[in-house]
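Labels run A, B, C, D, E, F, G and H following the written order; every chain starts at residue 1.
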Amino acid sequence: MKLQVNGDVLELPEPCNLDNLIQHLGLSGRRLAVEMNGEIIPRSEYAARQLSDGDQLEIVQAIGGG
Amino acid sequence: MKLQVNGDVLELPEPCNLDNLIQHLGLSGRRLAVEMNGEIIPRSEYAARQLSDGDQLEIVQAIGGG
Amino acid sequence: MKLQVNGDVLELPEPCNLDNLIQHLGLSGRRLAVEMNGEIIPRSEYAARQLSDGDQLEIVQAIGGG
Amino acid sequence: MKLQVNGDVLELPEPCNLDNLIQHLGLSGRRLAVEMNGEIIPRSEYAARQLSDGDQLEIVQAIGGG
Amino acid sequence: MSNNTNPLKIAGHDYQSRLLVGTGKYKDIEQTRAAIEASGAEIVTVAIRRTNIGQNPGEPNLLDVLPPSQYTILPNTAGCYTAEDALRTCRLARELLDGHSLVKLEVLGDPKTLYPDMQATFIAAEQLVKENFQVMVYCMDDPIACKRLEEMGCVAVMPLAAPIGSGLGIQNRYNILTIVENAKVPILVDAGVGTASDAAIAMELGCDGVLMNTAIAEAKDPVLMARAMKKAIEAGREAFLAGRMPRRRYASASSPLDGTIN
Amino acid sequence: MSNNTNPLKIAGHDYQSRLLVGTGKYKDIEQTRAAIEASGAEIVTVAIRRTNIGQNPGEPNLLDVLPPSQYTILPNTAGCYTAEDALRTCRLARELLDGHSLVKLEVLGDPKTLYPDMQATFIAAEQLVKENFQVMVYCMDDPIACKRLEEMGCVAVMPLAAPIGSGLGIQNRYNILTIVENAKVPILVDAGVGTASDAAIAMELGCDGVLMNTAIAEAKDPVLMARAMKKAIEAGREAFLAGRMPRRRYASASSPLDGTIN
Amino acid sequence: MSNNTNPLKIAGHDYQSRLLVGTGKYKDIEQTRAAIEASGAEIVTVAIRRTNIGQNPGEPNLLDVLPPSQYTILPNTAGCYTAEDALRTCRLARELLDGHSLVKLEVLGDPKTLYPDMQATFIAAEQLVKENFQVMVYCMDDPIACKRLEEMGCVAVMPLAAPIGSGLGIQNRYNILTIVENAKVPILVDAGVGTASDAAIAMELGCDGVLMNTAIAEAKDPVLMARAMKKAIEAGREAFLAGRMPRRRYASASSPLDGTIN
Amino acid sequence: MSNNTNPLKIAGHDYQSRLLVGTGKYKDIEQTRAAIEASGAEIVTVAIRRTNIGQNPGEPNLLDVLPPSQYTILPNTAGCYTAEDALRTCRLARELLDGHSLVKLEVLGDPKTLYPDMQATFIAAEQLVKENFQVMVYCMDDPIACKRLEEMGCVAVMPLAAPIGSGLGIQNRYNILTIVENAKVPILVDAGVGTASDAAIAMELGCDGVLMNTAIAEAKDPVLMARAMKKAIEAGREAFLAGRMPRRRYASASSPLDGTIN
């Protein structure tokens, strides 16, 4: 399936949940927040959230800013 | 009938049109504008506009201001 | 004899030295400086300095100032 | 004879007066003032002033300035 | 010499004078007339107020001494604290002035500062433009808001220099400069000018004009101050066009260095 | 309207213009002439320099375009760093100008700031007064020193606003104000003005006039800036005479509060 | 001595430090840490950005050196030009920080000035308050708008002193003073401070605190400047509480006049 | 972090504090003591005055609460209007302080401004140096005069910021900056500071210290203001050493531009 992650297209085999995606991206254990199709996904639900073709994801972190 | 003119109550015998009112107020010939029940009344229509009980009128002029 | 002390006239019996004057003025033991007829008198010389009629003395101290 | 004129050395045959010098310098008719050996020379005396070896002259004019 | 007689263009009309004046706070109507004449202003603001019922009809009327035939009358909405009151006042003004649609919009936010309520100002401006008024708008010296008002169709944008009647002069020159640089419509400094140099500074920043009232009316000699303001506006405009010298921290001699005696 | 046409009196002469200008830094002598004419100045400063031996005699002379018959020529001692050089320069100037004894004294202390050496200035001023010169003196904006120079017999005292040619405007308004309040002779701000509003501010502080050079000569359009300066000086003077409104921290409405519709 | 240790109260929490700092523009994360420690700040702003996919997982994370256990993390909406983007950023931030709902709202109007778009700011602020965010809001130094934002339920109002990163200092002191006088919630000057005295001035005007980033991060020695800012904020606060002497135009001797010798 | 603990060196002695304070105008001697202690000052000025003949001998003496063992006592010549009076006062002071030769010279020119008479100041300074006094000299903010005083052998030069006791803050920053750049001896701003930010500004200009009295003594809470001044001086010094960010007319984002969501 094709996902849009932080503006880029990413191709992944199904089935895949949000937790798998974060591992795949090498972001496990990092302090993140995820918006999926415009909705905030609580950290606790990552494993339960199956991804499907066309999903739009924003994965963000805190960085230096004023 | 009772009119409200510039915030004050004014009692007048019917029938009375806007032109009569302006004469009655001693304002004939002055450069004025009139709002009647929230609507601007063109000068040309003063004579044609009959007043009725409870009408709300604002009669204004230009004065010094910055 | 008549002395001028800090602008005021002061009458004293002779003989009288600077040390006597300071005692007389109730200033003993205070941190002072004395100018006599335009000349600074070292503290050590007070006892040796005889006063004579017409001497001009300035006796000063430190006070609050900016 | 050697003169110092406006800081430069100038060699001239004697006899020569101030008027001759000014002509020689092509300054005739110009609005000038002359200081000779530290003294201001009135215009009227130029012809009468003989120059001699070692004289120091300053010849000045008005120019733009603020 | 570069031509500095390019007129001020507002809503398609050309004005030779870049000084706009109010008509309030004068001792009497004759002083008003004399001061405004001395100012050389072509655009004068007036307030719209209820007629005093039963006032002496013989009393001179402001528009008799400032005939619309000779002056561009700019009715303002001074005293309005809501968009609705401002709209009603503008509509009455247009009728009063036989359809003349140039108005000065001000919707106030607070009687202490007389600063504009910008939210209400946006609402009123939008509606007035819809109703084909030509809107000159009093506003904060906020570059973003000023640009927005221009985009809405206001014919002139009039940021304040300081509170109305304060005489404090331009408080934030960077904002005025930025507003001017961004603008496609005339920018007039409105409110806060106190003396001639304040007006000159506004023009040197590139403003297209200045609107003032108190600085003239409350001077000890209003007519003389009006004349001073006329010259100050011209001086500031010409200085802007002439292009000022650069500022330098150190000195630069005005007289040549060589040829000094010694 | 109070009469603002009282002339500027210096050494017994009346001048209608309160703007004094220098003649340095212009592109050419024609631009000098045109700018000075536009400025309306009646007093113009010149420098005294060695003639360039062997220069083309046909070359136009400054005093041909600024005839002493028409202008009051004010020779300065620019470039002098000692009292002695300033004295020699003044004596040469008096001879050059057929006994005309009005001079602008400046004894400089340092080439970076071109600030005056006040000790040397006092010495030179005292001697020049003895020699019957009429001394207009460039000095620090030091109220004590300015009073001393007046007491010595200087005919005008000219404190600086900022370094010569810096265009920074008046740096210390309180000093200028105090100097003006104490003075019995004309106080002219000399040096540091950068644009029209700077000149207006000087006049609003009560100065009797302003002397400038770089602000006009180094403008992109010197002739237009000269005209701007003329108007700015008049505007500032008239504003001073008219008596400005008081400053207020808060607003004061220009339009009456009562009679608003609602 | 009056007690000046009254803490800064924001959204029910007490803070001993009145200096809030940003975490951008530093050379590296260690310099960030050291400067923030030197500043004594308890509230630090962070930006919310997309993770760099595939970045080195070992790379130190900002929140590792600024642990939320030790600092109050204030996520901002820097870079958002619409209310919608600002809302999404705040929601992501709240999730990122485990439900911590304190946010710094900024909706920008223009990349040149980075001034706020006040219309969009009002819309976003209203929605964020509805969603139970505790909103600290960056805004113009507009007293009317600041009051409106307080009334909407913002927990702190943060008018700008000058453009973000300009270092120009407070451009309009009267506005800041008026905003402070009207306020019931903390007023923090946000943006525009350039050096220590600018911060002291903000506090002397009665502000409850100052938020800065560039003034520290772009100093030649950020850690030393951070320490200077800490002291400047305390100095300004204490001077405000101590009650400054009145300004006088003339002198007032510090030493007694009588008893001088002569 | 660059070392900012380099002490202030005056006449061969090192001082950790760069704040010098006067002892006049306090409510009583206890408030004097408490404020000076809070200020952290190591150098305190005193006036020399005639003893009140017959005053209560028990009355506490200033030097009892400010023992020369603990403070460097700096006698001033406040109130002297002639070089001669200043010289006599310094000689008495040296005897009073057992040969301690550090003095603050001020020769006043006028009671309204309390500005120095620079001519008399030069005369007195020259003579005091001859008599082996270590002269700290109050003077105008005149770069030429300040350099001259340094060349004469004064151990510190103390230009005024504004009139003594005026609290107006630094009136001419360019002059102070130029004086600092030219100096080889410590430059201390003396007189005119009104609140903490004024002191910070003086230090940010590169001054080596600030001497004040009224700003502390006339604050509503002198002890708290003394503490504020201590911090302001340190903040200004550290900001100067840290090297402030450049001023920019336009904004510069503190948060990175890329990675924003959308």
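Please note the rule applied: a contact is a pair of C-beta atoms (placed from the backbone, for glycine too) under 8 Å apart; a residue touches a chain by one contact, two chains touch by 3 or more.
Since we're looking at a predicted model, the values are computed, not measured.
A.B. asks: Hopping along touching chains only, can you work out the least number of steps from chain D to chain G?
C.D. replies: 2
A.B. asks: Among A-G, B-E or C-G, whose interface repeats A-H's (more than half the contact pairs identical)?
C.D. replies: C-G
A.B. asks: Distance-wise, how many Å sit between the C-alpha centres of chain B and chain F, to the nearest whole number?
C.D. replies: 63
A.B. asks: How big is the gap, in whole Å, between where the Cα atoms of chain C centre and where those of chain H centre?
C.D. replies: 33
A.B. asks: Where the CA atoms of chain B average out and where those of chain G average out, how many Å apart are those spots?
C.D. replies: A distance of 56 Å separates the two centres.
A.B. asks: At what distance in angstrom does the C-alpha mean of chain D lie from that of chain A?
C.D. replies: Averaging C-alpha atoms per chain gives centres 95 Å apart.
A.B. asks: Could you list which residues of chain H touch at least two other chains?
C.D. replies: 22, 24-25, 47-50, 76, 78, 88, 92, 112-113, 115, 163-164, 168, 174, 213-214, 217, 249, 253-256, 259, 261-262
A.B. asks: Two-or-more-chain contact residues of chain D, please, as numbers and ranges.
C.D. replies: In chain D, the residues touching two or more other chains are 7, 35, 58, 60, 63-66.
A.B. asks: Which residues, counting only chain C, touch chain G once they are in their complex?
C.D. replies: 7, 35, 58, 60, 63-66
A.B. asks: In the complex, go through chain E and note every residue touching chain D.
C.D. replies: 253-256, 259, 261-262
A.B. asks: Taking the touch rule as given, give the residues of chain F at its contact with chain H in the complex, in rising order.
C.D. replies: 109-110, 112-113, 115-119, 122, 140, 142-145, 147-148, 162-163, 168, 171-175, 178
A.B. asks: Of all residues in chain E, which touch chain B in the complex?
C.D. replies: Answer in residue numbers: 21-26, 29, 32, 45-51, 53-54, 57, 61-63, 73, 75-76, 78, 88, 91-97, 164, 211-214, 217.
A.B. asks: Which residues, counting only chain G, touch chain H once they are in their complex?
C.D. replies: Touch residues, chain G against chain H: 1-2, 4, 22, 24-25, 38, 47-50, 52, 76, 78-80, 85, 88-89, 92, 111-115, 163-168, 194-197, 200-201, 204, 213-215, 217-225, 227-232, 234-239, 241-262.
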